[in-house]
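In the two complexes below, subunit A is the common chain; its partner is subunit B in one and subunit C in the other.
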Partner chain A sequence: MENYQRFEKSAEGAYGYKARELKYPNRIVALKKARFNREGDGVPATAMREISLLKEMKHPNIVKLLNIVQARHNLYLVMEFLDMDLKKYIDSLPVSEGGRARPIPNGFRTRLGLDEAMVKKFMAQLLEGVHYCHSHRILHRDLRPQSLLIDRDGTLKLADFGLAQAIRIPLRGYSHQIVALWYRSPEILLGGPQYSTSVDMWSVGAIFAEMCTRQPLFPGDSEIDEIFQIFRLLGTPDEENWPGVTAYPDYKATFPKWKRVRTILVPGLESAGCELLDALLEYDPATRLSAKQACLHHYFRNGSSYYSGRIHPR
Partner chain B sequence: RAKDIVESEQTPEDIEEELLDTTMVAEYNDEIFLHLRKKEIEMLPVPDYMARQSELQWSMRSVLMDWLVQVHQRFNLLPETLFLTVNYIDRFLSYKVVSMGKLQLVGATAIFIAAKFEEITAPSVQEIVYMVDSGYSVDEILKAERFMLTILDFDLGWPGPMSFLRRISKADEYDLETRTVAKYFL
Partner chain C sequence: MASSAPPKRRIPGLPNPVLEAEQQKWLFTEEEFDRTPSRIDKIERGKEDYIRHRAVEFIWQVSVMLKMPPQTSMTATVYMHRFLMRYSLMGQYPEMGSDLMHPKVIAAVALFVAFKVDEAMRRMKDFVIACCRVAMKQPNLIVDEQSKDYWKWRDLILQNESVMLEYLCFDLQVESPYRILWDYSVFLGVGDNRALRHSTYS
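Then we have the complex of A and B:
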């Protein structure tokens, strides 16, 4: 750790401590700490998976792991430094734009805002990052605004791979202790024994709506409240729009039968955007839009890479 | 190529069915298997590492493996976990000369790491100590864990043979007998 100098605590980034490399003082990094568990189980499984999976991934929309440092009691992940996460970014918007006017870090030269073009750019970057994960057999399993980092040039990167898993093909059952409640897909909420890449896509849909409205789409306070918030907005699923739903372990025949009332979930969003959102919030995991398909969706009229900034850097 | 032949013989229904089969993540199959094959090669151990070990011999590796299969069975772990364990041991021994007395520690540590990486719930370090009949202490295993992770450079996502077998037996329309025999060979 002697190679790194930590900034004062107030300068915490979105991702652990902000620090400076002593050999290269211009290089600012983030240090994410994982504690060794002495009596218990040594190196935490979450840290092991995060490191090993991050090392496999090289993509402009996935946070870079630069180094690993083992100190006496802690393990540090040295990552590229990004100032903000998407949650803080939304909160920093002026009240007139639906934010809470929270202060932004000094590094941000100008406010980039979150108008339609910016939402589209973030969506393109998010989807390309998720597509990369999925085509490398990695499920993120914890997509939420806090796990998406934003740099000062307005580039979005996926972070927080502590819950990620390298899936085996074909899939088998995996843990259900995943994904923050508000971004958790209905098949997990209903106790489905298997899940797949589509769990991440549901989260992407919920994040998409939140970027547009600045409000979480399904802010449930318990699992059952979460399920009912989803059902109230999208209608209670049935065998017609989700074949097999009634066989899920936690599906109850006594669930209230809500009908979908609002056809447009995000007022003001262009119609192609509404279609994309609906396709991401599709109940049936087998027909829910994949990241690969979403990148080709006509919401991105010129292809997602045009908006993500890969082809035409601004 | 085999792939072209298979594709030319697919009916639209086959393709449709494959796309709906989410448990095969059909859409990403090509990319995923390309990536897995690359990882498979990157994470190969050195084939003749035993020549560079002063105290160890291949026969000792067999004894270690027999013991690990028992541990693996005892904890009811997934087959993938055992394959990972073997890969971690062979890669570790490719880079480090180990004394005879420490070989079991290498094995115990490898299965401890593999289970944490692969399983939903992994055996605790105390359970591992129990399995080595207290031949090593909790502290020794935890130290060994950190050392092994450093030597392996935290590259833990070895694909292993199971994914490839499943892919092939799917292409083979799941001939149960072939599949069982193949599993036995693995």
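Then we have the complex of A and C:
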């Protein structure tokens, strides 16, 4: 721990402290603290999973774990430092662009904005990161704007793997207390016993819409409100568009039957983008677009790697 | 003509190259087994094997008592075996803060870590009580939460957890043997055979 010098507490607890490594004074890292709980359960399970999963992953769109330090009563995760998360990024946009004109950290010399090209770039990076996770049998389970970090060059990285889990076979029911409410998919909300990679894709869809409109798509304040917000916008699902929905534990035949009114969820978005969004917010988890298919979607006309900045356009 | 040929069945193996590379580090040769830390501390091979055997037994007994998914117990045994490849049963590492770790404690800590990683959470209290019962070989023993034994076990588990994590290098993601079993049963076309599936998983 003595190798790190703490110099600024990040505004929110999402990624802990900003610190400087003494050995390499130019390297700035983020320290995330996990407290040992001697009274209760010892090392938090979330920290253990986050470390073991992040250790395996190596991808430009996933935050890097640099070191682990065990200090007396704490465990510190040393991670690469990124200036802000997507939530703050959206909030920092000028009011004319739908933001709240919050101040941006000093590191950002130029405003990158969030026009259509930028949304496409973020989406491409997000989908490639998610695709990497899924192809390594890892569910993130906590995708939300706050867990997507952005650096000053506009690179987006997935972070916060505290709720992530490796998919095991045989599939068994995992915890339902996952994914922030606004980004939680209907199959979890309806109490489905099993879920898979499609829960992450629903979150991606909700984040996509939020990037375009600057507003959360389904800001529910309780589980039932969340369900109803989804149903009101997309129509109440039935056996036709979601086979098996009536068998879900929390499905009630008494749910109001809304019809989908708005065919275009995000006004102003190009038609290919609307198609992608619809495919991500598909009710039936089995037919919802996978990360791999989404990377190949024609919204990314030149292939997702063209937009994610991996291959620089000449 | 080529399109009408049945799709080639993929021969199942370890499906994940990252995981495979990760696990490669923890595969040992027969010679390396003669150089484990315990062997260097003059514990005979037979004795170490016996201790490993007893530790596995301990893990399974506690698991059954707490109705753990078998996959979790399996993960715990893997942790225990890996740990003993780096830690001597004579405990020559006083700088780690704990000298000798009893095999039963190793087994208990391995299971403790495994169920946390595997999301099969059990209450600390239940877990400690189950450990006491199995250690005393009295399955119906009434363990008081204030008793000396209870606190001894609890403290040992919590103290040694971070030691175990460090020795395991936080390599906590383990391929479950059930996955390989499942891949093969699909490969052989018997994935839908419920009775067979149940007997193999138990």
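Rule of thumb we're sticking to: the second predicted complex is superposed on the first by the 305 of 314 C-alpha atoms of A that agree within 3 Å, B and C clash if a C-alpha of one lies under 4 Å from a C-alpha of the other, contacts with A are read in each partner's own complex, and residues count from 1 in each chain.
The rule we apply is simple: a contact is a pair of C-beta atoms (placed from the backbone, for glycine too) under 8 Å apart; a residue touches a chain by one contact, two chains touch by 3 or more.
Owing to the predicted nature of the structure, the values given are computational and were not obtained by experimental measurement.
The superposed arrangement places subunit B and subunit C in clashing positions on subunit A. When the two complexes are overlaid on their common chain A, residue A:Ile51 makes contact with subunit B and with subunit C alike.
Of the two partner chains placed by superposition, subunit B and subunit C are both touched by A:Val43.
In the superposition on chain A, contact is made by A:Ser198 with subunit B only, not with subunit C.
Of the two partner chains, subunit B is the only one touched by A:His134; subunit C is not. Which of subunit B and subunit C touches more residues of subunit A is settled by the count: it is B. In the superposed pair of complexes, A:Ser147 makes contact with neither subunit B nor subunit C. When both complexes are overlaid on chain A, the residue A:Thr236 reaches neither subunit B nor subunit C. Of the two partner chains placed around the shared chain by superposition, subunit B is the only one that A:Pro285 touches, whereas subunit C remains out of contact.
Applying the stated touch rule to the two superposed structures, the overlap between the subunit B and subunit C interfaces on subunit A comprises residues 36, 38, 40-43, 45, 48-49, 51-53, 55-56, 68, 70, 136-137, 166, 168-170, 172, 174-175. By the touch criterion given at the top, residues 36, 38, 40-43, 45, 48-49, 51-53, 55-57, 68, 70, 75, 136-137, 165-166, 168-170, 172, 174-175 of subunit A touch subunit C in their complex. Put simply, subunit A touches subunit B in their complex at residues 36, 38-43, 45, 48-49, 51-53, 55-56, 68, 70, 134-137, 166-175, 194, 196-198, 285-287, 290, 292. Put simply, subunit C touches subunit A in their complex at residues 15-16, 18-19, 22, 69, 71, 112-113, 116-119, 121, 124, 157-158, 161-162, 165-166, 170-173, 176, 178-179, 182-183, 201. Contacts from subunit B toward subunit A in the complex involve residues 20, 22-25, 27-29, 31-32, 35-36, 39, 78, 80, 112-113, 116-117, 120, 122, 124-125, 138, 141-142, 145-146, 149-150, 153-157, 162-163, 166-167, 170.
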